[in-house]
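Below are two complexes that have subunit A in common, paired first with subunit B and then with subunit C.
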Partner chain A sequence: MSILEQLISGLTFPNLYILLPEIIVLLTAFIVFVLELLSKSKFSITIITTVGLILAFLSTSIIKEGGVTFYGLYLVDTFALLFKAFLIMGTLFVVINFRPYFDAKKSYYGEYYYLTLFALLGTMIMVSSPNLVTFYIGLELSAVATYILAGMFKRDYKSKEGAFKYLIIGGTGTAIISYAIAILYGRTGTFDTLEIAKQVNLNNLDYGVIGGLILLIIGLALKASAVPFHHWTPDAYEGAPTPITAFMATVAKIATYAIILRIMVEAFPFVSKEWALAWAILAALSMIIGNIIALKQENVKRMLAYSSIAHTGYIVAALAAPTGIGISALIFYSLIYLFMSVGAFITLSALEKTPGWTNHIDDFKGLAKKNPVVALAMLIFMFSMLGIPPTIGFMGKLNVFLALIGSNIWWLAIVLVVMSIISAGYYLRVVVYMYMYDPVKTSRHNLAPPEVVTIGIMAIVVLFFGIYPTFFYDISTTVTSLLIASIGR
Partner chain B sequence: MELTSLSFWIFSTLAVLSAIGVVFLKNIVYAVLSLISTLIMVSGLFFTMGAELIGALQIIIYAVAIVVFYVLVISTVPEFKGETIDPNYMFVSLPVGFLIFIELAYVSLYGAWKSNVGMFTSEVIKEMGNVKAVASVLFTKYLFPFEVASIILLVAMIGAIIIGKKDHVIEEEASNGSL
Partner chain C sequence: MVPYEYYVALSGLLLVLGLIGVIIRKNIIAILLSTELMLNAVNIAFVAFDMKLADVSGQVFVFFILTIAAAEAAIGLGLIMAIYRLRKDVDVNTLTELKL
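After this line comes the complex of A and B, so read on.
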């Protein structure tokens, strides 16, 4: 019985202090869960969720020094804290827009609130996992909650269809990731990323490592909807309620980019050339196919879904250059992507409340004459996604471009530039329809206060940090240097 | 010793026969029934090899929960009942299944080889028993994923209730509208 005694003597109470944001999010979710059963008061549900998320956001800044707890299964470092703060902020800006949208669509459920919080909790567990088991369980939590959220639209066939596709393909992705973890465990005998890093280097690449790595990359690419594993994205994004699409396209996606970076850098630092090539190919395919298919879309929501596939391409392209500049470019782009994507999707959700609005490109005709402020905000988000200089999207693409050139990956840098130019075709089309046509319908667009706040803040952030990107540049560089320093830990 | 090898041969023969039945039987209900038979036989194999925990889990989770769920789906979805399945899928499923077989064989061979490295050697397991060995790791080191898994189950349950409830609401509204 000596081993049992050994295990018991190793038992410690977990350091709950560094788990503060997670605990607040979990408690908020349970409070909303009970409240939704008892009172059905829409106002208090919204307020409690908002307050809980604000508290969680503030608590990420209280934690001065991170640490490892739960016997090395949960790691809170600067990287995790930074991403957690942005994930909570993104969720906050999505959640406050639930009520106007769902009330207008007559599809209000209190469940949206706490399921979103559970999904957020899953993404938060994902970004701070130093272990493949923790990563897997966090991924599963966020994925299961998101499948349900995507299919909750009342009386809408497309929502069900999209959620079903998402469930099937997402389940396949989870299965592939678990196979990959099994193979890596078989090869290395550990789930811990740092232990894996010690055992995997260029001299002992065998079928176990290569097979596990390929399956892991396929599974992660499927979750990040990189081409050729993107087939669920357009349907799921188009079918889901628009604020939920905003959540899926930002919070879930950014957590996936973060965990791709963390696993690749922490678990496989000595075989970076191999995975860099794989991600380069996936990025090039995502940029080319995502942008070209987006050109043909008539539905703006579906177009934005393809644009998010293209953005997966731009972001993981930074992994093709596994250097400090590349990693920093990835962190920079995924953080700023939150602002433009939340902005664009929430603008859509605000417009979608208008009766008769179908998200078709024709609906945007003459929007600038009817509602100049919303049209201006949409113009800013479109310019930012396209990457036009005064917006922050330009800085994101510039960083990725510089990282690629710094590592002499010219072909991918050229693909990035050419595809950005092609993407002007569909982003500018929206702008042209808004500004150069006369309104077809005379229906008014009424914006609820939270929507005005969200769209306004996102537009200001996109413009202000586009002129002054030093803030994001500094934090991504700092986090990158800490992440690289942790490799030999 | 004689009894062990005899039961091994009986269980494995029946497992392979029923697995062939799963693949080649045209009627989907028969296929599911032979799937149950396969799973029970495989759990018998686990028992003969002394892996009583996996054997019991195999029966509880696969043979009872999952396959009963299959039967439930088949009996509630009218399109499935007694229908033959298009055999064209076999051209895809056989190679993929073979690949997964190779992958599983590889993982189990490597895993068996690697698992001797850890602190749970076969002597320790013999002394403690499988259940105790698994539990002592699951509830100490892997406590956090275990707890999060309970949240996943909660979320999945809520989701099933919401999606089930919604159809009811739609029907109610539709009937109200028609009246």
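After this line comes the complex of A and C, so read on.
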């Protein structure tokens, strides 16, 4: 047997069946890429992207059993499929709102569509990585595409400045994460999370493991914008076009939470006390600083950016209790955060089309008199982010709170409750301005059909599943038990 | 033969140097170069650990990092071009429109 034959006989064909959602998203991106060069037809680009995303969403449900492919570099399990379905759905609701917004802002480029699809593909690779190499590639694919998206506003300096800050701090985060991977590789000799888990336990903690773990947590916290590594978030979110902000604040963020959970639980299950303390401190800082700085924001988009930092705090607070309840609370909160955040940012993007709208809080004066339906939807999203009972945001916070109490981490539970009360200051301010003032300007707000659909669906989901949270509760509990069962694999 | 610890120490030094550069430099091109320096420090660390373990997967990872560093540099230079066209300036002290 010649050397070439030996080489070929060692190759196996990848199991493409379980990669179906990724393949559909990638093909759609390539088709849009070519079509954008050839025809410039805005209508067909939107339709093809939408149809591709719907097909990808449906294809996540026809995969009957998962598996490992690409020589153990790619893992499709229930956890990955669940997050992929929600990531695709979030992207779908963001993408359909591109055209009305960019047409109104005179900043239309066909590039937005395929770059968003590439970023989505990166997040999908990220959530199904059993290996640090795959994780790194997915993270960078989504990050690099998002840097471009954030800076693509035509002739707008703020967009470029926000994107540049994001690039520099994101690039630093990349370097820190890859250095952490290098140290862990040097210590354990492998990139596979389960192999790392076998070699890292309480009896052999040394400087290599601790240094690698600390650097990895810093890098991941930087990508998830936890305080004190949050400085890029408000600038990048404020500068980016609002639908892109919606994408960054939901799809990219949720994939980051998912991969934080996966790496911590799968690669370091036997040192969970150590990383739980680190995440508890980061969560407390994020809640305190994010909420307090949000109080003094006059710009609603920037206020929502700080609120997203605070939400990072609420979500990673669940990691402080590394039990089944804590993991399930994290999954529950990340999934429902998609709905309220997409809803709030798309409402903002719909209002921003009005001439003279600057996202300043004064612009919201008397919105309820001019456009009662939009004001009601905004009220629902604000109440949900604040965590008022009939909305789903309350259930998310309640789950995290119960998980913290179940693990006797009272100080963090108290911080969570106190900071939720403080956050009422800025969420309710928007509501007060909308309902208790008279309109200053008489400009009308015209909503495009996709925006009506998105805002309507998100408001109904937030209300309906707030009354009936069993659906989300069941799926997060099931996924958690499967994830825990896979630790000793 | 140089022991691998020396290379690891060098890479750590370069990483810290890059981090300091990102924090204290005032020119946006120099800041971008500092992030590239950090990524190259990681490459040295990977090759050094690779030498210690007598493995090849670390060297494969270096290729991924090289590609990503190139992509980031391309985007960063593009953004610097766009910023320079709009402002005729590359100094971070005067390029501050987004503030707390």
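Some points to look at:
The definition used in the following text is that the second predicted complex is superposed on the first by the 479 of 489 C-alpha atoms of A that agree within 3 Å, B and C clash if a C-alpha of one lies under 4 Å from a C-alpha of the other, contacts with A are read in each partner's own complex, and residues count from 1 in each chain.
One rule holds in what follows: a contact is a pair of C-beta atoms (placed from the backbone, for glycine too) under 8 Å apart; a residue touches a chain by one contact, two chains touch by 3 or more.
These numbers come from a predicted model, not from an experiment.
Because the two structures share subunit A, they can be overlaid on it, and in that overlay subunit B clashes with subunit C. Contacts of A:Pro21 after superposition: neither subunit B nor subunit C is touched. In the overlay built on the shared chain, the residue A:Gly151 is in contact with subunit B and with subunit C.
After overlaying the two complexes on the shared chain, residue contacts for A:Pro234 are found with subunit C alone; subunit B is out of touch. By the touch criterion stated above, A:Ala182 is placed in contact with subunit B and with subunit C alike. Looking at the shared chain after the overlay, A:Glu161 reaches subunit C, while subunit B stays out of its contact range. In the superposed model, A:Thr174 makes contact with subunit C only, not with subunit B. By the document's definition of touching, of the two partners only subunit C reaches A:Ile293; subunit B does not.
In the superposition on chain A, contact is made by A:Ile137 with both subunit B and subunit C.
Clashing C-alpha atoms between subunit B and subunit C turn up only in stretch 94-102, chosen from 40-48, 76-84 or 94-102, once the structures are aligned on chain A. The intersection of subunit A residues touching subunit B with those touching subunit C, taken from the two complexes, comprises 133, 136-137, 140, 144, 147-148, 151, 155, 179, 182-183, 185-186, 189. Subunit C makes touch with subunit A in their complex at residues 8, 11, 15, 18-19, 22, 28, 31-32, 35, 38-39, 41-42, 45-46, 48-49, 52-53, 55, 57-58, 60-61, 64-65, 68, 71-72, 75-76, 79-80, 82-83, 86-87, 95-98, 100.
Across the complex, subunit A is touched by residues 103, 106-111, 114-115, 117-120, 124, 127-128, 132, 136-137, 140-145, 148-149, 151-152, 155-156, 158-159, 162-163, 166, 169-170 of subunit B.
For subunit A in complex with subunit B, the residues that touch the partner chain are 1, 3-4, 6-8, 10-11, 14, 26, 70-74, 109, 111, 115, 118, 121, 125, 133-134, 136-138, 140-141, 144-145, 147-148, 151-152, 154-155, 179, 182-183, 185-189, 207-208, 211. Taken in their complex, subunit A has these residues touching subunit C: 133, 136-137, 140, 144, 147-148, 151, 155, 157-158, 160-165, 167-168, 171-172, 174-176, 178-179, 181-183, 185-186, 189-191, 234-235, 238-239, 293.
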